[in-house]
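Following are the structures in question.
Shared chain: chain A. Partners: chain B in the first complex, chain C in the second.
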Partner chain A sequence: MSEINYKSRGSILNPLRTLSFLARKPVTLPLEPRAAAPNYRGFHLNDWEKCIGCSTCQKICDNEAITMIHIPELPEDPVQGVRAQRPAIDYGRCCWCGLCVDVCPTASLSLSREYIHTCEQHELDSYFILPDPHGMHKRFYDHGWRKTADEDLIDLQRQSMPEREPVERLQSFDEFIDGYDTQAAILEASRCVQCGMCHDSCPAHMHAPEYIRAIWEQDLEEAVRQIYRTNPFAHVCGRVCTRRCESACSIGVRGEPVAIRWLKRYAMDHVSHERIRAIAGGQRSGNSSGRRIAIVGAGPAGLTAAYDLAREGHAVTVFEALPEAGGMMRYGIPSYRLPAERIADDIDVIRSMGVEIRCNIRIGQDITLAQLHENHDAVLLGIGLQFGRSTRIPGSDHPGVHSAVDLLRRIRLGEFVAVPPAAVVIGGGNTAMDMARSLARLQIAQHGLACVTITALEDREHLLADQEELRETGEEGITILPARGPQRCDIDDSACIDGLFTVAVRSIYDEFGRFAPCYDDSDVQLHRAGMVVEAIGQQADLALLGEELTERLAWDRGRLQTDNRGQTSEPWLWAAGDLVNGPDVIHAVADGHRAATGIGAWLAEFAEATA
Partner chain B sequence: MNDHPENSGGDLAGEGSAHAHGQLTGKKSLQEILETATRFEQTARDFYTAMIPKVSKRIRYLVEELAAEEQEHYDLFSQLATSPDIDAQILQQIAVPVNDHRFSDCILAPDLGEHPDDQAILQYALYREHAAMEQYRQLADSTDPGPVQDLFSWLANEETRHKRELEAEYYRIIHSGGV
Partner chain C sequence: MRPENYQAVSHPPSHEYELNIGPNHPGIEGNYALRLTLEGDIVVAARADAGYLHRGFEKLMEGRLWMQNIALVPRICVPDPAHMEICYALGVEMLGGLEVPARAQWIRVMQLELSRITAHLFYFGGVAATMGMYSNMFWGVADRDLVLDLFEEFTGGRVYSMFNVPGGVRRDLPDGFLGKLKALLDYLESRLEDYDNLFFSNYVVVHRSRGTGPMNRQQALEWGVTGPNLRATGLAFDVRRDDPYLVYDQIEFDIPTEEAGDALARILVRRRELQESIRILRQVAEQLPYIKGPVRCPLPNPLAWNVPAGDSYARVESSKGELAYYTVSNGGDKPWRVHIRGPSQMHAVQVLENLSVGSRIEDIAQIMFTLDACPPEVDR
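Coming up: the complex of A and B.
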């Protein structure tokens, strides 16, 4: 470089060299871009059919180049895990690193082989684009960078859950799921992309991304703190939640959803009960409101409301007709799925907030509802659906035909329930599966062999039970016969139940998806059994209301009418849980929160009005 | 499911079965058939109306809706009886199905007890709708094409539609609660 003489002006003939270009043939290069490499990182493409608007791309972008844009025309369904939004890219910020592509749970994002965009000064906004599958200038230049299995940042496979073999399970009512160890929990938590679809879909809007992150960081007390922000039934939901969160999980689009329920269980099982009590207690108000609230029914809705109201400083008393608190969690779900100790742990935390639970008191018999009204500022009904419905087919009033709700309650109460060598259960929901599996365990204990058949009106595709329950039921050797309508119970010459006649169901819904069963009379079967159990549906015992109050109250097609806060047409009376909104623990928890918020606001309004 | 609390043989599972023309016995005039059908709707309306104060307010909507539906049908039949479209055929003799008695039996109000529950009411209503649906379908099959056959076909479709609505309600109330 130093040898160059920069001061030299060159030859005097240099200008003439320019003239030599006049003799040359002109060359015009096209404005069209030349083809880029097959894995070129050009402008983004997004397949809107695949994209669910989860915003994982936005969260991973270090340059904050991605903004989620709400598109009103797109479907929005939190339960299905679909948001009406799509990512927009600011090419003033994007560095084409491709992380958004590599992390995209649905693999809808890719980069193209297009790389040229120019504009006038007044068109600078054109660098902020909403990618679609057609390309930035509505011309498709083919795909460039697309992730393969090697580059995929999403782990599609969940950590397996250790559990006992079916043969071993059937020997007792002991819990058969072992739970994650720390290594499995960290690996499973690391699969979460923090998109928050689970939060949106959860009826209680649990802070799952936050507690999963805390588990990944091994800050388990923080995980418990996040769980208790929205759910006082953390042990219970860590075991038996119906997991709408997992149905909406973005990882589930291409792989197995994150095991959110099992992670919650891991956090709860790995923090001492004393610490959990202390963490939950930290959310309690120190002030007493001077208000008294009665809650009828110590199920998940009533106790959640009690927890919230006690936290706000109200004096809460819960009245429970059965010997222990817990409602259907304790008396409707078998202990192999939900051990009594775990329910007791959750309830102990609720009690520690100052909630008084008075068991063995039946409202309407031991104390009237009017008395509760007289002695309290508000009364909340959280009585659930305690009665089983009957098919009322011929023979269903025979003593050998039982209600699943009653039988499950007797088993959980520790009563001896004699079972015959063969039994048949009518129903296709979780209660039917719980009943059949409980009967199988009792048969093993009493006869050494299990023989249980489930007949369901619905076809396999429309069975109401969870897929997991169906799988486990099948693993335990229970025969599930879908699309069979109960016709009559068979009673033998000695007046004993001999089985159940069913008829084939050709179809159950009409073209509009309404229940319109169509039967095949030529296909009738007898399922021989010494016991028939009906598990078709449940209803509330509303006798406690009495005739006069029943007449005063407003009803909505057979259900107690409440407003969106849970208040009935009688301002002092509130309702929550299965009684008004079903059908599972997490919905009851959400409903309990809703009612507690409503009662709190109503009491405040009342106080303001009377001040 | 048994669709009638007092009729152990008549179950929902048997619905929709076709009956051949060979099973048809006896003949009635169109006028007689319409009179029977009108009584069928009238007694049902009165039955449900009388039940309204007897049942709990919780399920009163059910009998109120059933009574209103039967009133609509009653009004319809009353109009039909004077319709000029079928005036010329009013004395026409029509073969009636062998199970005509089942339809006629429905004119008699059943004893559902002093305080029937929602399931008993729905099962009775389903039984009636099923009997009516079958009756009109078979009457349509046994008449020649023309306004009378069109009338029976239309009535059969109406009863089928109502029966389906009741079945959906039955499933919602009995099968879907807390499963």
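Coming up: the complex of A and C.
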């Protein structure tokens, strides 16, 4: 340490020292303006193209300086997770901490390198500024404080889901995804920024932010309560939902979206069935309306409507043609994705609300629709799409060519389905994947080896199946051949199916966007297989309506015409689910709610009119 | 005034009179007041009057998320904000069991020592101004600004850096930063002689500060004095050495002490500390290129971050003395209670009141400034 030479008596020559300063650079700051540091936290810049209006910046702002402003000119798309709102900053409150930048899920926000803002007299009216990419009052300064992926305060990585190895999976139809444990569920739930994009995009508008928060707080009963506000098929949707919520999740813009479906499954799996029944039952109205409603088809749409109507105090009877309730959930989705016990749990909760489900009764055969109409105030059709569509290629009428919905139904009914050592599935959607994977499991059981090929019209980027489903299908050794159209079935001398000829696809749609596949006939392949399964879509079986009613009802290009509530042109007859609005469980649930609300309102109007 | 608050005015004896200094007075740091009872120009009693700067930080913190408090705490002490945010972060890290990467720890030490330099430069300016020497203040403020330029460079903010989060720092150093740091250290070291010539070779300074506001070690310990004020009484106590945090145990530095305990001793201790800070920063600049890795540990989403229940006591050696955060969590997403031990609380209340008695009225400002009492830190 150097000694400080302090003196109690200064030298008379001391003032002369000042002369040396004449030759030195002044210590005062230069007067000319200089650029702020590249990292400087100046005023906000917001890239409106990137910003989705999720309002996470507003939530982290510790000074409540950020308000979301609705801008009608901007695009709004709940399905894509885009809101027509952008953050506005109150610079009377902002403290330039930059936390808004560090948590911004889209990385659209940054701070500029502007030290001091000067503006014209007429711009002085407010501290309240809507930041855009052009800088405050259109005076652009370069970007200062921004973030890289390392500096992000939000967690872009999803918790991995434990699942069995493909070899093990193929041995049985048992469920192979284990579900989150508590630790993983809390960590996954903590990734949510509570923006509510999932709520907006969900067809049923499930309260996902609320139940995710409850899971994070480990109040699982509250999570179940939030789930049951909008969805009685919580176990089912926790496993097989097509999860539009996750496509809209704002974390998914740059990272992996929050695993909303797995979190729902976690909450449902970790609360006892008795408690779930009690929680759902707590939402039931005590009064009986005296109204009787018949529902045809115990699928997700019909049962959701039944649940809602029973909750309101109506007497609901559901008629199901097959031995057990569940519709496509039970007979269309393989049990390795959705075990029967979980469907039974959901349906048991619905039954506990007072819904009567009568199975093995086929309307149109055992009871006519007219009889139902006589005994009930309203009838809801939730019969779904039971017939598989055919490709109508040469040979498709051969008995060795199957429809995927039929085959899947037979497998779930427990019938023995004999499969050849090699099979081809036509189609690129989830049903095709379900079919191929089910066939592979049957082949392993019957032959010890699996050989399934999927041919789809779409190219790999545009395959209709869920990405996760595609990944799992690939892992299980199933070959997916995209951009190949079926040409004809190859039938050998002994009149057995020997394979499928496919031809390369040039394009699927014409210039007007109509379905008109164009093939490259020079590229034809034969896929040898003893079985061809068509999984290219389904259609409804409307025989139950009868000729007279079919005549009376209004139709829209071959589909039953309904208003936005689900009411047909016959006021007592309603329709919901795949029959009118596809294509998955959550849409059916949403449609069931809509029809139930419609029926409830219609019955109330009816009661008023007759009173 | 409401009737129930009414008190009869008690007049001092006829040879005494009362004088209020502050809350707005050039001889008082910040918004703070002293009510003096004087006999002639000798103080016979002094009553400190805080509360003019009360912003309720401790209460505000209970309503904000763990992460949001980072933007709030630097405001508690304007001249030395880095110690506030780092001490808060240390407390939360203790509660959450967060492992701060080595590189972040070195960057934090750099930030703390740069902050100490800015505080001490400010201090010299303030002390000199109480003796009517404004050149020193201008120099101090101008040189401090060069350090603020460095803060701007690596933290993005000049005064309130808001650069630390529990778990590390928010950004890594920009390219070429350490070169700028070394250049600034060279410059500051070259300036020390000028400061000494201007200040310590000054007859007026030495004579006015020697023997002013003296306290002995016994008094200092009884009054809860810490930091440079305690070291000015000859006790070499420094949290950086005696209860090391961050990487101070890997850094060589001395703890300057003076024996006299008067205003001059307090100034000299800080003058020497300035040199020690430069010495520490040189070691940081040497070491940092070799310490690679992340600057922050992985953190949960700040909007859904529960810190485990418990309490922690984190203390650091700020430029004013021992600063500590007592943080209590009930396992929620916000602190349940935070108590801040600001060193100025002791220096500005009991020490200032006691040292004022017997001194002359013109020394009051000097005593307060040499104690480096920071009223915003008293009123939390």
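Following the convention adopted for this analysis, the second predicted complex is superposed on the first by the 553 of 611 C-alpha atoms of A that agree within 3 Å, B and C clash if a C-alpha of one lies under 4 Å from a C-alpha of the other, contacts with A are read in each partner's own complex, and residues count from 1 in each chain.
The criterion applied here is as follows: a contact is a pair of C-beta atoms (placed from the backbone, for glycine too) under 8 Å apart; a residue touches a chain by one contact, two chains touch by 3 or more.
Source: prediction; values computed, not measured.
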item	value
Which of chain B and chain C A:38 touches, first, second, both or neither	second
Partner chain in contact with A:193 - chain B first, chain C second, else both or neither	second
Touching partner for A:336 - first (chain B), second (chain C), both, neither	neither
Which superposed partner A:151 touches (first chain B, second chain C, both, neither)	second
Partner chain(s) touched by A:389 [first = chain B, second = chain C, both, neither]	first
First (chain B), second (chain C), both or neither touched by A:551	first
Contacts of A:537 with chain B and chain C, given as first, second, both or neither	first
First (chain B), second (chain C), both or neither touched by A:95	second
Set of chain A residues, in rising order, touched by both chain B and chain C	none
Complex interface listing, chain A residues touching chain C	1-2, 4-11, 14, 17, 27-29, 36-41, 56, 59-60, 62-63, 95-99, 102-103, 111, 144-145, 150-151, 153-155, 187, 189-194, 213, 216
Chain B - residues contacting chain A, complex	1-2, 5, 8, 11-17, 56-62, 118-120, 123, 164-165, 167-168, 170-179
Chain A - residues contacting chain B, complex	384-385, 389-394, 427-432, 457, 464, 485-488, 503, 510, 514-519, 521, 535-539, 542, 547, 550-551, 553, 555, 557-558, 578, 582-583
Residues of chain C defined as touching chain A within the complex	64-65, 67-72, 138-139, 142-143, 145, 149, 152-157, 160, 162, 165, 170-171, 174, 196-197, 200-203, 206-207, 210, 254, 256, 268, 271-272, 275-276, 294, 296, 298-305
